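Next up: the structures, one after another.
Shared between the two complexes below is chain A, which pairs with chain B and chain C, respectively.
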Partner chain A sequence: MRGRLLTGGYLLLFFAYLFGPLVIMIGTAFNSAGFPRLSPWECFTTNWFGRLLADDRLLTGLGNSLLIGLGVVIVSTPIGLAAALMLSQVGAKLRATLYTIFIAPILVPGVVIGLSTLIFWDRVGGALDAGYDTLFYDGFFLTILGQVTFISAYSMLVFLSRLQRFDPTLTEAALDMGATPTQAFVKILLPFVAPAIGSAAVLAFLASMENYNTTVFTVVSESTFTTVLASKVRYGIDPSISAIAVIIVGLTLMAALTYEAAQQRTALAGRIAGNPVLRRLMHPAPVGLLLVVLAGVAVWGGSRVDSSACEAQVLEEKRALQEQYRTAPTPSSPAPDTPAAPRDGGAAPASPFSPGNLAPGGDGGEAPSPAAPASPFAPGNLAPGGGEESEAPASPFAPGNLAPGSD
Partner chain B sequence: MKPRGSLSAFAERNGIPVTLYLLTCVGIWVFLLVLLPQVTMLDYSFRANLPPSKVGGPEDVYTLEHYRYFLLGSSANPDGWNALDIGVLVKTLVAALFVTLFDLAICYPVAFLLAKGVRGGGARLLILALIVPFWVNEILRAFAFRILFGATGVLNETGMMLGLWEAPIDFIGSDVALYAGLGYAYILLMIFPLYNAIESLDSNQLEAARDMGASWAQVHRRVVIPYAKPGIASGCTMVFMLSAGALAAPQILGGPSNLWFTQLVYQWFNSGGNWPRGSAYAIILLVVCVGFVMFMMRVFRVSIGAIGR
Partner chain C sequence: MTKEVGLSHVTVEFGDYTAVDDAHLTIAGGEFFSFLGPSGCGKTTILRCISGFQEPSYGKLLIGGRDMRGIGPNKRPTALIFQNLALFPLMSVAENIAFPLEVRGVGKKERRRRADELLELIALPGQGDKRVDALSGGQKQRVAIARALAVEPDILLLDEPLSALDLKLRQHMRTELRAIQKQVGLTFIYITHDQGEALTMSDRVAVMSRGKIQQVADPATVYNAPATGFVASFVGENNMFEGRIAAPAGPDGTAEVDLGLGARVRVQAAPGLGAGEAVQVFVRPEALEPGGTAPNRLTARLEKVEFEGAMRHLLLRAADGTALRVSQVNTGGDAGPGPDAPVELGFAPAQAIALPPSELARAG
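Moving on, here comes the complex of A and B:
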């Protein structure tokens, strides 16, 4: 009993680690605060999604990523299949060597793959005296090649696990019956690996879409979805990035549930075959359709949410709070550990319109003491509850709040 | 082994068109995409950093300058050692090792449960729950940890609300966010090799050990872990190599003063404008990481063929 409790508790913690960050990120997509966070909660809004649709750079990057993903699938799937077939035919000793060679690109850091691809084709281009507008300097071409280098190994692993279940006597039988090796390949082996082609392609596409380490080098002057996203995150974050996560998680869940329905259907095939209602209900098509409809309703509902009234109210509250700071330079600060505050506050009336002076302890140096909000004009601080000094961040404008700790 | 004979046997078995397809694809992959670029990069790392007009000219000679720079720093350096860059490399390796051990510790119980504890639908649901977070983009996962660990993040707000600590703790500057984010990113790569290894263990062995009076701790130490060693090695290798080679997470989650070695490579390439030196640093990273993994495998007596299974 105690063991069971322990196991359950452990799993709970583990999945909290797994899903907690995502859930929080999704939550921040619906908060109207300009910095992604859950508290203080300002207004429920869907405006960040609208912001996404207006982001041309991101949409261009997405288009490029789709193209590159398609290219990677087309090149890496045949390579992966060829490598897997080769491995399944050679002797044990050669097999171990080949396997090590084939698996190596997965383990090589993506940075190294990106760099080497870029340098190699740059040199080839240089040797051929090719101009900078040729293939050798083209971001699409280089990125596809760079990604194929390691994604082929993923495809190979998928094909290998399928081929493990292949019965080679089938091919032998076909050959005995007079088929040529090519016919045996096309009529026996290819149909057998066909399902794996689908999974390998999906895997390759997803891996390509989300790759950053290699792409950031090979993409040269172009951009992909991931590189645009990374530059957004690195240079100023806002909740529209969380909105992207909402969309991706939503799509993922839809795909996963549809897939699960398909799996359940095969698992329960015997039991539900006799029940026409259940059989239709469990079909992945209606499940997928239902999910699409639900998503459509969510989008429609979301687009009708109007948070402007609430946001205006929050702004009003901020103004009021700001006014409070202006008129009462020493607010109800429970600041026993900031002797500087009253003094600074006392100096404030000398220049009431200079906002910096109005901060209690605002000129207390670079590292604000815990009791001092760095700047009362930062929107976060003015939000309801933002006046409680102990919760005030060093500066909500610093992306990621990288400012050193208060001590 | 007779290469000629085995090749013709290979061709005979597959027929000419399929043989051509296999050899062309594998040849393009191994030589054009993997081997030649790596060799070119190695060559490039020994060259002086020259503008395109001087390439191939009299100044285009082989030099050890970039490796010397990594070890000793610029020639004006008084201490004799390039403590900064070497320090970054050591820190990267130690941190990657830490992330690997952390992942192993938290994933082993889950993998064991998945393989031996739950049955049928439950196991499938668990696997689905494991996979879904990893369809989310790498950048977004790092971003999520930044929201979680930021000065106004949920963790700080909760901790201060509960009165656990007074002022916001700088999780990002102290790299806690980075380790948590890296560990998170590679959980799946640790769980599946472990799961595959443990799953093939005959459950009767566990029962036998239990019947003979072994405690669960003994069962794991004497039966499961020795059996799952290839899986453990495989998972650890992948997590170690990928976290040492990570770029996105350190860029997003790393503190401003704490660099990851890949960021040095990135800097020499982009802002530094010194491609040969960037190549030299990339080679150093690759060689040191591979060397470390080989060394560990030798110590724990595992063969490289275990990786990826």
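Moving on, here comes the complex of A and C:
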């Protein structure tokens, strides 16, 4: 009984650890607060998605990333396959050596690969007296090459694990039956590794999409999804980042469910073969279609959410609160009003470390909520009060007092 | 069309290890020829030489009189049935069988027709659309044979194709293979470590041990007149006695031998064996007869009687500890001698053979 409880508790913790951040991030995408946070909850909104779609820089970066991902897939898949084929063909001693060489790019830090790609092609370009508008200085070209160096090693690992299950006597049998080596490769080996080509391509694409370390050097003057995101984080984030997360999680879930449907179908092949309804139902196509329709409905529904009324009200409340502060005398003695005593009732006390407090209060409307009774140490007090007074009940120790107030 | 296969002093070395040592023999066109030997003796290696997956380190391989060096497996008139069958798992039965035609550019319709014909031949009509792994072991076997026949080879090479089957099916497939061979009239080169298989099916058998070919002869000769101690002990059951030549072989081909267990017997022996030379004497269990009038006599004590359906085996021990085995047809009636009884055994000189000692002969 107790063991069960412990296991359950452990599992709960484990999943909370795994998915907690994701869940919170998804939640923040629908909060109208100007910084990604759940509490205090202001208004349910889908505006951040609109904001995202209007972000040209991000969209350009995304487009570039897709292009680079495609290029990486096209180049690294055949290289990985060739390397895996070679490894499966040579003797044991040579194999160990070659394997180490092929795998080395994975072990080299991405930063090093990025830098060395950049420098190498710069030297080559320099030696050839090539101008800056040539391939040697092209962000796409360099990024694809840089990423391929280690992503093709990932592809190789995928192919290798598939090839290990290949029975080499099948190729011999094909040769013995009169097939040329090319025919044996195309008709016997290639169909066998075909499923791995799909997995290797997906893996390569995802690895390319999410790469930052190498890309940030090789991309030169272009931008990719990750480099745009990184610069966004540097210059201040808003919940449209969470909106990206929601979209990515959604797409991943859809792909995973469709794939799972396909898997289940092969696993249950015998049992559902005789049942036409089940057979259609279990087909990945309808499952995928259903998911796409669901996603479409969600997008349509989301686009109709109008949170402006609610937001206006929140803004109004903030104004009112501010007024109240402005008229009240500036508190000078710390003791009475320190941590807490929620002044205006109700709202959850923000944790002192709540990163939400870092939000640039610039435009007032999204400044730290008035409801948050800041603890004396709340970094939120650092927020530049911009156009309006910081609402934090300042304690003498509150660094908030340092904020450039506008009064 | 049948072609003869010639192995001319073929030696195959893997590093320091000699897998095939100076194999020299000719296999006639249309013959059913078997290589028989224990696991690891080099049978598969010889077959891989013939089919072109392995070049001999020394010596030549000739097919139809033509030197095969440098000619790839896809250009040789051979088809190999692999030890593990090597059916293509992603193809249907018919696609497997038609694969040799596909790679030769034969049209789809013609391929299907040939596949159906061959399915008929292997008694699997109408099963062409099945998946390969939906077949039973024996059916897979037959599909592998059909696929090899689709190549229209001059020589069919079979690498222990029946080893994975159960006894009943194996016996059935033996007759079937032999029938197919008669029907299509090809040269069959068959590999097995099962002597029953080799003896029942083959025109001739080559017995191998540790890469060396010990004897090439028809099954009866291999059984009745083994050339070496290894052949004598590997093919069939045999009683072995250590001994020494007392009088070398005369014109009738028999010599006198003093056995270690204290008897002097007259047995067949090669004329080259001189007086005083150490030999091993082999007597088949069915040649030893309790009582009787045969001139060679031994005494031993009965330890155990084993019944095996049609046969009955007496396990005895001679005075010096040598174990003996006597096989009799089980006539049902008499119970035979009781346990621990001393038994007199006799055997005819024609049914015993003295050979130079071989460490490969299994004692007992």
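The rule is simple: the second predicted complex is superposed on the first by the 324 of 407 C-alpha atoms of A that agree within 3 Å, B and C clash if a C-alpha of one lies under 4 Å from a C-alpha of the other, contacts with A are read in each partner's own complex, and residues count from 1 in each chain.
Here, a contact is a pair of C-beta atoms (placed from the backbone, for glycine too) under 8 Å apart; a residue touches a chain by one contact, two chains touch by 3 or more.
Note that this is a predicted model, so its numbers are computed, not measured.
When both complexes are superposed on chain A, chain B and chain C end up sitting side by side without clashing.
When the shared chain is aligned, chain B comes close enough to touch A:I237, but chain C does not. Of the two partner chains, chain B and chain C are each touched by A:T180.
Once the two complexes are overlaid on the shared chain, A:P191 sits against chain C while remaining clear of chain B.
Of the two partner chains, chain B is the only one that A:L253 touches; chain C does not reach it. In the overlay built on the shared chain, the residue A:T169 is in contact with chain C alone; chain B does not reach it. By the touch criterion stated above, A:F217 is placed in contact with chain B alone, chain C being left untouched. The superposition of the two structures on chain A yields an angle of 60 degrees at the Cα centre of chain A, opening toward chain B and chain C, reported in steps of 10.
With both structures placed on the common chain, the touch criterion links A:T100 to chain B but leaves chain C unconnected.
Of the two partner chains, neither chain B nor chain C is touched by A:A320. Within the superposed three-chain arrangement, the count of touched residues of chain A is higher for B, of the candidates chain B and chain C. Superposed on chain A, the gap between chain B and chain C at their nearest CA atoms measures out to 9 angstrom in whole units.
Note: residues 180 of chain A belong to the chain B contact set and to the chain C contact set alike, using the contact criterion stated above. Every residue of chain C that touches chain A in the complex is listed here, in rising order: 51-53, 72-74, 78-80, 82, 84, 86-90, 99-100, 102-104, 147-148, 150-151. Listing the residues of chain B that touch chain A in their complex gives 1, 10, 12-18, 21-22, 24-26, 28-30, 33-34, 36-38, 40-41, 44, 52, 55, 106, 109-110, 113, 117, 121, 124, 128-133, 135-148, 150-154, 157, 160, 166-170, 172-173, 184, 187, 216, 237-238, 241-242, 244-248, 251-252, 255-256, 262, 265-266, 269, 275, 278-279, 282-283, 285-286, 289-290, 293, 303-305, 307-308.
The touching residues of chain A, when paired with chain C in their complex, are 167, 169-170, 172-180, 183, 187-188, 191-192. Touching chain B in their complex are the following residues of chain A: 3, 7, 10-11, 14-15, 17-22, 24-25, 28, 35-39, 78-79, 81-83, 85-86, 89, 91, 93-94, 96, 99-113, 115-117, 119-120, 123, 126, 145, 148-149, 152-153, 157, 180-182, 184-185, 206, 209-213, 216-217, 225-226, 229-230, 233-234, 237, 241-242, 244-245, 248-249, 252-253, 255-256, 260, 263, 267, 370, 380, 390-391, 393-394, 396, 400-407.
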